[in-house]
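Heads up, the next two complexes both have chain A, just with different partners, chain B and then chain C.
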Partner chain A sequence: MKKLTTNLLLTMMFMLLIAACSNGTDKPSNTSKPQATPNNSSTTESSSSGDKYDPPIKMTFAVGRVDADVVFPDGQSTKDNQWTRLVEEKLGIKLDVTLAMPKGQEFTQKVNALIVTNDLPDLFTVSEEEMIQVDQLIQAGIAEDLTDLFEEYASPLVKQLMPDEALEPLKRNGRLYFLPNLQRPAEEGFMTWIRTDWLKKLNIPEPKTFQDVIAIAEAFKAMNPTKNYGFQAGTESWDMYSLSGLFAAYHAYPNAWLKDANGNLVNGNIQPEVKAALQSLQNLKKEGLISNEWTLGDDGEKARQDLINGRVGIHFGQWWAPEWPLQLVKDNDPEAEWKAFKFMSVDGQPALHLQNTVSLTGLYVLKKGHSNPEALIKMLNLVADFYWGENPQADPDNSNLWKLAPGDAQPWGKNIVFMQSIEKALKSGDASKLHPGEQVLYNMIEDYNNGNDEFWGVSLEYGIDGSLGLYDSFQWINNEFFGTPTVTMNTKQANLNKLFEDAFISIVNGADINKFDTFVEQWKKQGGDDITKEVNDWYKSRK
Partner chain B sequence: MAVTKLNQQNNTRLKGIGSTQFRREIPLYFMLVPGIILVLIFSYGSMFGIIMAFQNFVPSSGFFDSKWVGLEHFKFMVQLPDFRNVLWNTFFIAMMKIAAGLLLPVTIAILLNEVMKQWYKRFIQVVIYAPYFLSWVILGGILFQLLSIDGIVNQFLGLFGVEPILFLGKPSIFPYVLVASDTWKNMGFNTIVFLAAITNVDPTLHEAGAIDGANRWKQIWNITLPGMFPIIILVATLSLGDILNAGFEQVLMLYGPALYKTGDIIDTYVYRIGLINGQYSFAAAVGLFKSMVSLVMVSLSYYLAYRLANYRIF
Partner chain C sequence: MVADKTIGSRIFVIANYIFLTLITLTCLLPICHVLAISLSSKAAVATGNIKFWPVDFTFASYQLVLSKSQFLTSMGITVKRVVLGVLINMLIVVLTAYPLSKEVRSFRPRSIFAWFFVFTIFFSGGLIPGYIIIYYVGIIDTIWALVLPGAVQVFSVVLLLNFFRGIPRELEESAFMDGAGHFSILFKIFLPASLPAIATLTLFSIVTHWNSWFDGLIYMNTPENYPLQSYMQTIIVKMDQQFMRGASKDLIKSLNEQTLKSAQVFLGALPILVVYPFLQKYFVKGIVLGSVKG
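Entry: the complex of A and B
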């Protein structure tokens, strides 16, 4: 009995210790807006459309992206901040923020509840993941038609930031029912990140083909066979199982709708190229290049921990990977160096990078029936002018107040543009022409060059030869479908995803590769064919 | 005691004049009001939402303008290829949890009762009870560490030459991991209930047994256990209402796509299909189905509790 007590006690203490020690891996937002030093935050000098409402008009506003990284400067709050002050001063609009919540399911449900109880505010944000909600609002006639208002009131700057080509795919029956925060889809492209300090140590040249990458994975594993493995893999479909580069090496693009030779859309999951990629994954797993525990949990967290703990040296990630999670690797092991490469393929054909046709980071919907619907466009003009006008401003340091702005617009491929001008400034040493947002990043990189490893990641992204510069050399393949889910998708997509995951997991774990053909048949029978037809109907209807 | 005596006196003396008693108890009834209001709003009021299960509910159309579809969502639910599998997983995991959640606490309670050293008994009680207060989010993280391939459990098994086991990755083991970890977390609560039941056993019976030459084992078997029996039956039957609650949070924390075959339960299934994909009506239909089964089981359990343990609520 006594021994049991001691054992129990020890276990308890051990558990507490583990709980206390596990690494915090917070994901920073990848769309940070320019930030500036406080002395920079004087008010804008002129608003392009100078007319002010007199007497002031009122507008209620529910904003669903006030995340933890929004830090209010002294004296400001959700109700009273830079934006409420500015729109009242410049436009005579009393913006009443009735609801401010972080981005997520909860906000969506709250908005749904407000719709049902008829308490919807005049203006509200919707997450880009909730296009279903947007379409329901449009069908119910709740969303204001903004097409003509935008045409009439949007400033030249806004029209330049949100060109017709970019808005066109987002229209419903040719009408614009919301204001999107547009992003250049290229900025979502994945790339291969490889630990170059290990390459140097092992005296391996930089890879040219995917065979080279696999050889590198083997060499990295050989450095410490019991601890290391080659590729980070998980079961989270939203991140292409952390294996986008491997799929691309075999010209496979799961979870996307691709255009085939006849101009029809086909689903990426059932293409023969996926079978080849799975065969390769199975072999890699047999060789121990993929962790035995790769299926644990459903967000790939386990593999990410292994990456951070220095057990993996190859990572498929986006341009911001250096800030997260690679910066955490650097924090653990200051020797760690990473470099970004294009995707490489197993044959002579170039590996393509998948990109969406449209890329949003949220959107604004105006409720039908406001007395002055054009006020929304005027506020958008003001926001655009504030950040990107002739005398650009930036948010107070680290405040991320842009998330509370009643409108949002940014230059096409903002981060790529930033990187190019910062690179130029770093080379010439002349930072005087930089945008305040660029200036902040420039200062961080200078800080890193002076020995502050905290900004190692930023320097790898925006600095000389930064990862953002790689995008212009990519060859792309488009995910052509960006409509709202079709009728059959609503009822059957979840099951189809499950079928795919089941085939995917069991084949990688050693099942007969022909299981893939069975999966394809099942997929087609259990709704996949219907969905393909619906998707193609949608695609044709757009032409 | 004094109060009941007083009441009895009142009842005999003021026969037929219940109003005096009622007037005196008015404050007590008054204190009930907030609780009743809460129940009315949050338990009965929200039942209105059940109509979603028979509609194609769209938030922007609200409850009154959404299209009625009758039993379509229920038909769809039954036709889903995975539904039977999920139903069976739920039933299997819940049954095992109920069984393990009874046997272990009964055993521990009896053993603890035999322990003479008070400080030791209390210490064990606290240790067993502690995980009950942790949320599954925290326990999930702890379990991931303990049960991983290079975790403490596999290291311990490795001392005996056992190959590392993928506790949280193998479909065949996963349900048992769920049952074991759930029992670990929750057994403290029932242990305390059963310990209380044991203290209610008349000590004179034990004394009489000892005089008649019954040893410890005989006393446990013939006196303690029968004395606890009504409470055991009561706890067992009442937990029948949970037959389709296999533990949403726990499964959500621990499972992954590789474990759907044996680990997916109704709640997680509805969560994935219904909420993540925004199908409120379908989720409501499955929820209603679950509630119907629970209603039947709870009714049955109250009946059984009455017949077997003479326990009544109404």
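Entry: the complex of A and C
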């Protein structure tokens, strides 16, 4: 299967290359010309009275994120749902959903197939992991230039939800070729979750430094030395996320491109701080504070079960950890209580939280050549107004229909905003001003306060002193690289990751710590230096 | 059998029984495990302590699955696909195997046709060309895209033509003498004589159609048209690093509904489990007979 996919991708790239070349000869100035045409056509062709097209226009739509969590209410389906109805009624746009699939490789393949058969829909979504595909589409001249359309047609609300600062990093040569689903990167930040009912039982104060955290881990282990251990550490593809709090304690930020003192980008994996973190990991493992099976290929499942079985009391997770998996701990042990803390460091310097510079959850591309390209922006206006306008509405419970909307815009840091207003409402007891989306959460929290433990997790996130409130107190460090993978990355990154993984595993399992220096040497020689150069070239080109 | 009672043979019999029991268990236990999970409560499953017996017994996940319209729709599509696909497969297999089982003397271009079919076992056009063909034939997003591309099961054709060759020539010749044509010979003599093979191939065909998921994902445009296994694929995703990063908490939560997943896996496998024993008695016989040619 893997091989098939690679072959396929190669074929695709070749085809796109041809498309790109032929297009290039037709219109040498790909970037400057097309912007004039859509504006003209929109004013001449559309006889729109107000905002509605009459006669209705047609737009085909391929949506690649109808995941398992989308549940259609009765009477609705992929082709006929809240969004197709609303868009037709309000805007006179007949939205024809020609393709709906869950997010994943198959959708990407399918879109590639549609390009080949010349059957690409007018509007389609692309996963944020497929930025290569997007860049190919842009180079091939398939993606409509939306810069001026957005400027002209986007409603004030949309412009407020998608400010220039957020769109700027996503532009190519200053032009906007897709509409992103923006997410505030802060909402992906990790925090330290600690089991506070155990703290209380053992009479330990809340931690201030990472030494305190290690002491807590030791105390938790001492509660039942044969069964318990300190930190939950799943490898989860060696993502390091499950241990990000430990790395941050030593000011190490693996798997990220960081800005050094001279303003150059450096790879987080080879920094000397990582060595200290690995040394600490080695010690922790020796003391039995990390599961013995950890490096033997536990993808996180086993560690999670240990967590749920009450063997671990420290978990590094995101703000939604209480809903999953901590809620499961609560389900099995109603006594369990958890609390979120910022990362703590081993020295006086504050531990930083890593965040991406840009965080997308997907994007919309409009195929060049639609008679009314501004319709896309109008639909975006409608979506924004539906969820966040004067008279905001929410999707039917648990339906996640927003995933089928022909556009996506949400307040910057939506969940953080939600938490703040819910907290306020809980304190004042006045829920009348809440957004319908907030109202749902508010009701859950009220339910929890009345004794329903099912919503314990939600309450810990959005309730008073909820985890989302913690983000404002974080100090951040940015992962500065967000471009498409560079040439050398495509050929050598996998090998470099392997190198890191090997060094990591052997050091954690007791190898000489100086092995790290050998690793750094190898990393640099086997392509790391080239990649660093490419990444820095990219970084400078953006300024 | 019972007559020889040397110690050696007894040990062999006992060892054989133990060995076969173990093999049976390796097949049965996973099913038991899935069944146990599907009948347990969510919280109990999350601890990972469920082995072969449900904890906090509940039918909740089955109720939920059966109330989900998507599961039943997909099940319906799969049933439709199996019925249609198996009929088409078997018709074509029989009609292809018969002429190819003749000798070159009576069917001159036989070798050319035979190689023409066999070629497709070793070489295929690949995904995109396949898609393009299906697209231009105009059957994208219809049930035909699921049954027509695999209509000619060459492997089955080879099995059946070998089986046909095992049927005594005299039967065919005497039928000829009595004035029967090729169709009468095929349907009145060859088919009844090769029922075991037909049953086997039918089973192959059923299982293939029941289990295939990738074509559904590629050739169907909306989830409402997915056959069961394509739908299953969308709910049983491997949560890797890439996936975790982009996924929302709702999605991660819903994909971690182990009990729900297990219930669907079990219900999805149930029809095949039920059909199997009835066709199985032909199964062994069919393959062996087909491979030993006269």
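To be clear about the criterion, the second predicted complex is superposed on the first by the 485 of 543 C-alpha atoms of A that agree within 3 Å, B and C clash if a C-alpha of one lies under 4 Å from a C-alpha of the other, contacts with A are read in each partner's own complex, and residues count from 1 in each chain.
Simple rule for what comes next: contacts are C-beta pairs under 8 Å (C-beta built on N, C-alpha and C of every residue); 3 or more make two chains touch, one makes a residue touch a chain.
Only a predicted model underlies this, so the values are computations on that prediction, with no experimental measurement involved.
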Contacts of A:Q160 with chain B and chain C, given as first, second, both or neither: neither
Partner chain in contact with A:N309 - chain B first, chain C second, else both or neither: second
Touching partner for A:D119 - first (chain B), second (chain C), both, neither: second
Partner chain in contact with A:I505 - chain B first, chain C second, else both or neither: first
First, second, both or neither for A:A68, with chain B first and chain C second: second
Partner chain in contact with A:Q211 - chain B first, chain C second, else both or neither: neither
First (chain B), second (chain C), both or neither touched by A:N536: neither
Partner chain(s) touched by A:Q139 [first = chain B, second = chain C, both, neither]: first
First, second, both or neither for A:V97, with chain B first and chain C second: second
Chain A positions touched by chain B in one structure and by chain C in the second: 8, 11-12, 112-113, 116, 302
Chain A-touching residues of chain B, taken from the complex the two chains share: 58-63, 76, 80-82, 115, 120, 123-124, 127, 130, 138, 141-142, 144-146, 148-149, 152, 166, 168-169, 255-261, 272-273, 275-279, 282
Chain A residues touching chain C - in the complex, by the definition given at the top: 4, 7-8, 11-12, 66-69, 71-72, 77-79, 97-104, 106, 109-110, 112-113, 116-117, 119, 127-129, 188, 236-239, 241, 301-302, 304-305, 308-309, 320, 323-325, 328, 331-332, 361-362, 398, 400
Chain C - residues contacting chain A, complex: 42-44, 46-49, 68-69, 126-128, 131-132, 135-136, 214, 217-218, 221-224, 234-235, 237, 240-242, 244-246, 248-256
Residues on chain A engaged by chain B in the complex (per definition of touch): 1, 5, 8-9, 11-12, 14-15, 18-19, 22, 105, 111-113, 115-116, 130, 132-133, 136-137, 139-140, 142, 235, 292-293, 295-298, 302, 485, 490-491, 493-495, 498, 501-502, 505, 509, 526
